[in-house]
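Two complexes, one shared chain (subunit A), two partners (subunit B, subunit C).
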Partner chain A sequence: MRILISGFGTVGQGFADVLLKRSDLFRERYGREVSIVCVMDSTTYIADQTGLRLGDLLERKKVTGKVGNDKYSDSTEVIDSVDYDLMVEVSPTDIKTGGVGLKNIRHALGSGKDVITVNKGPLALNFCELVALAKKNGCKFRFEGSVGGAMPIINLCRENLVGERISSIRGILNGTCNFILSKMDNGQPFEQALKEAQQMGYAETDPTNDVEGYDSACKVVILANSIFGRNVRFSDVNITGITSISSEAISLAASQNMVIRLIGEVSEDRLEVSPRLISKGHPLSIGGTLNAAQIVTDLAGPITVSGRGAGRIETASAILSDLVSIMDDRKERGGKCQKK
Partner chain B sequence: MMINAQLYVKDLPGRLVESLEPISLVNGNIVGVVHDREQIVNQRICIDVTFEIKGNQELDQLKEIWKSKDVLIAKIGSVYKTYTMEYMLVGSFTASFVETLIDEASKIISLESVDVTYSSGNAKSTRTAMISAELMSEKDLKRFDEFLADACRKSKIVYIRGL
Partner chain C sequence: MRILISGFGTVGQGFADVLLKRSDLFRERYGREVSIVCVMDSTTYIADQTGLRLGDLLERKKVTGKVGNDKYSDSTEVIDSVDYDLMVEVSPTDIKTGGVGLKNIRHALGSGKDVITVNKGPLALNFCELVALAKKNGCKFRFEGSVGGAMPIINLCRENLVGERISSIRGILNGTCNFILSKMDNGQPFEQALKEAQQMGYAETDPTNDVEGYDSACKVVILANSIFGRNVRFSDVNITGITSISSEAISLAASQNMVIRLIGEVSEDRLEVSPRLISKGHPLSIGGTLNAAQIVTDLAGPITVSGRGAGRIETASAILSDLVSIMDDRKERGGKCQKK
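What follows is the complex of A and B.
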């Protein structure tokens, strides 16, 4: 399996780390290691058809801030210059245009290559187009880490719960907001809780995407399209963020044994991100940076999952699960072909 | 529909079963039974039974069977399932705004009960109200939710509802 990594920031480097940690897994399961043939960051790239040494790449990025020596202006030219089987697209999320991530995913799928991404922008803006493109060209397109980071939800619903009728999914889909609201539960005002989240690296310098609910809304769109088979876009989501939640509101909720959490909800007739009142003790009343989701099914009843919604290694673990799934599928198909 | 009945039967062996069997005969579903041997009136003991039954026709049929079996019906009535939901309003509004809102809602939606709690804080520009409402059906719950959401949107008040 020859892999091209598009994006070598936090998640891209995390994925490289995970591949190094799990080289035994690939040797034992498939009799060979995966080969990284090209890595691109925002301005540079490095390519080698015989395979790149991940340890060296991580070191160079750490020291120089760049993954390669060669600069590029058009990412698709780099992509076309490499012979690869699968693209891992982990460039920064752009929820306004889809950014370079959308361009690279389109290009890879259009060329018949499998793609794994955690990039919410392209998925929230052009989900149906990308899925149709993958189908048309017979490619695998997986994106487990785009919602909930390490928390399994998309593949859980699409594969393990495939026989169920899922009526709704409600969940805490943004760890930053959950951290802020949990801090407010302890008496901190919003501004102070936000600053603490920024100091701890949970929130960006510009926290708009998180606190206004845009990040959660992207995830709601991905869940609606991938699990409910809907054809919705970011603009279809009814969004209310947490910036209007006062300390008074938190205290009043607490006096009634409740907490306020930012909940993303998807069902047949609802597509929403909004603060909700939740009884203490409910699975979605959790605090800290955790993500959690409750999937309501007709046969199995409600199923709750929770896990770390972000983080270098955590998100990379979701990419790893998608990679193993694609490689298993290729192995199975290869086996069937040999039997024939 | 869900029915609760208080029955009195003679304090003899087999009378408890004899009073409950007819519920199954009319395709009812027994939800709970309390056989109260402490409460004896005229040598009859009290049985408090809650059951689901299809409709009034089946209920009338059941009453006839009980009558024929000498089962006295002391009390019988419907038990309604209610739906409770909490809502919170955050913004610039007065208590009379909330009262008017609930009055208007009650004209078009069956509200079983409504309880409003206000924040005790001293914020000058905003206040917080928590509304706990008990409604008769899921449909009413949805309508009340839509009514409050719409009113809050128009008045630029932050609206937070329960899960």
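What follows is the complex of A and C.
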């Protein structure tokens, strides 16, 4: 399995770290390690068909800010110059145009290569086109980490729960908003809670994308298209953020033994992000930066998952789970066949 | 896929119901329905190599209390008289000897047949023997529904999280105890909460198995052996139940913004069921009859799942997920290949 990594920021470097940590997994399960044959960041690239040394790349990126010595102008020219089997696309999310991520994913799938991404832009804007392209070319296209980071949700619904009819998914899909709302539960006003989130590194200087619900809306779109087979886009979501939630509303909720949480909801006919009242003790009443999602099924009833929605290693772990799943599907299995 | 159902009580009948509801799933995914060739209850059986009509069996069991007209004395003689591929073993749990369930599972695996069970007796008493027997004979042996009912946990750990190192699992593994503790959170004393649980049908007349923590301990053993590769038995678990939890302890916990929950914990060196203090807002602070489990991993961090821990259709849905997984592994796939 020869891998091309497109994007070497937080998640790309986290994925390199995870591969270094898990070399034993690949040796035991498949009889060999995976080989990284090319890594691109926003302006440079480095390629070696015999396999790059990830430790060296991480060190160089840390010291120089760049992964390679060679600059490129057109990413697809770099991609075409490499023999690879699978692209890990983790360039920055561009929710307006899909950005270079969309371009690179299209190019890889169009060339018959498997793709794993956590890039919400291409998924929220061009999901159905990309899935159709993957199908047409016999490629695997996976994106577990795009919703809820390390929280297992997409593969859980599509594999473990394949016998269920899923009527809706409701979830806390943005850890920053949940951190702010949890702080407000403890009496802090919104502005102060936001400031603390920024100081902790959970919220960006411009927090619009999180607090206005746009990030949650992207995830709602990905769930709608991937789990419910819908064909919707970001602009189809009814979005209300958390900026107008007052301390009085939080107190009133608490007096009824409830909390307010920003909930993304998707079903056959619903596509919404809005603050909702949740009873204390309900699986979606959790506090802190966690993400959580409740999957409502006809046989199993409601199933809830929660986990860390962000973080370099956490998000990379979702990419790892997609990679193992694809390698199993591709019957790369050999070695000691450790699968229990 | 020809199936033999051993046990036609609540779960066995629930599984028959689920198969009736999901005939379309099998037609679409595999190009045909599964065939039930034999059903046994505690004293009678019915067999037909051309496939039994499940609706008729459910009706007859309801009306006469028996699934078949023919009585048997030795279950293995019935089993040997049938051509089948997979046994669904759902006879009543016997936690002292393993009972007829252990006998039937041994017999099926020994004959090279796949087995799905939710029977905690054989799993808590003879896990390693049964897994070794399955391996020796090339059989699939699955038991998702034995821990947490419809809550996905075993297959989640062994498939979706195969790239993770799991250091511990802590969970609410008995919905009856959680119902009682949730009622105590609202001010009811233990005896009154237990009585309500009995009236609601959540607790049995003799509630020992639940409230003393024995049921949770069985599940801890199954998780230890199946996820951590340990070789432990029921008698190895340190068990404290919930009978000595006072209203004062609940109030004291509440004053610290905590709740008391009966937690089963398993790791490389721990095997315990005991009441623990859990912060409100923590994923394991949930109320009601739900089960929940927190899986602590090195890359993804803590992942929590929750769902209904019991119920005829809910438990049967876990058997269905095991069945689909086995049929996929056995490459029974055909038909329209609807897997997304």
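Here are some notes:
To be clear about the criterion, the second predicted complex is superposed on the first by the 331 of 340 C-alpha atoms of A that agree within 3 Å, B and C clash if a C-alpha of one lies under 4 Å from a C-alpha of the other, contacts with A are read in each partner's own complex, and residues count from 1 in each chain.
The rule is short, and it goes like this: contacts are C-beta pairs under 8 Å (C-beta built on N, C-alpha and C of every residue); 3 or more make two chains touch, one makes a residue touch a chain.
Since this is a predicted model, take the numbers as computed values, not measurements.
In the superposition on chain A, contact is made by A:22 with subunit C only, not with subunit B. Shared-chain residue A:170: touches subunit B; no touch with subunit C. In the superposed model, A:316 lies in contact with subunit C only, and not with subunit B. When the two structures are aligned on the shared chain, A:283 is found in touch with subunit C, with no touch to subunit B.
Once chain A of one complex is fitted onto chain A of the other, the partner contacts of A:160 are limited to subunit C, with no touch recorded for subunit B. With both complexes superposed, C is the one of subunit B and subunit C in contact with more subunit A residues.
By the touch criterion stated above, A:275 is placed in contact with subunit B alone, subunit C being left untouched. In the superposed model, A:110 lies in contact with neither subunit B nor subunit C. By the touch criterion defined above, A:9 lies against neither subunit B nor subunit C after alignment on the C-alpha atoms of chain A.
Of the two partner chains placed around the shared chain by superposition, neither subunit B nor subunit C is touched by A:92.
Common to the subunit B-facing and subunit C-facing surfaces of subunit A are residues 282.
Interface residues of subunit A, counted against subunit B in their complex, comprise 170, 240, 244-249, 251-253, 255-256, 258, 260, 263, 274-279, 282, 284. By the touch rule above, subunit B contacts subunit A in their complex via residues 86-88, 90-91, 117-119, 121, 123, 126-128, 130, 132, 158, 160-163. Across the interface of their complex, subunit A is touched by residues 18, 21-22, 25, 29, 150-152, 155-156, 158-164, 182, 185, 226, 229, 280-283, 285-288, 290, 292, 297, 299-308, 311, 313-314, 316-318, 320-321, 323-324, 339-340 of subunit C.
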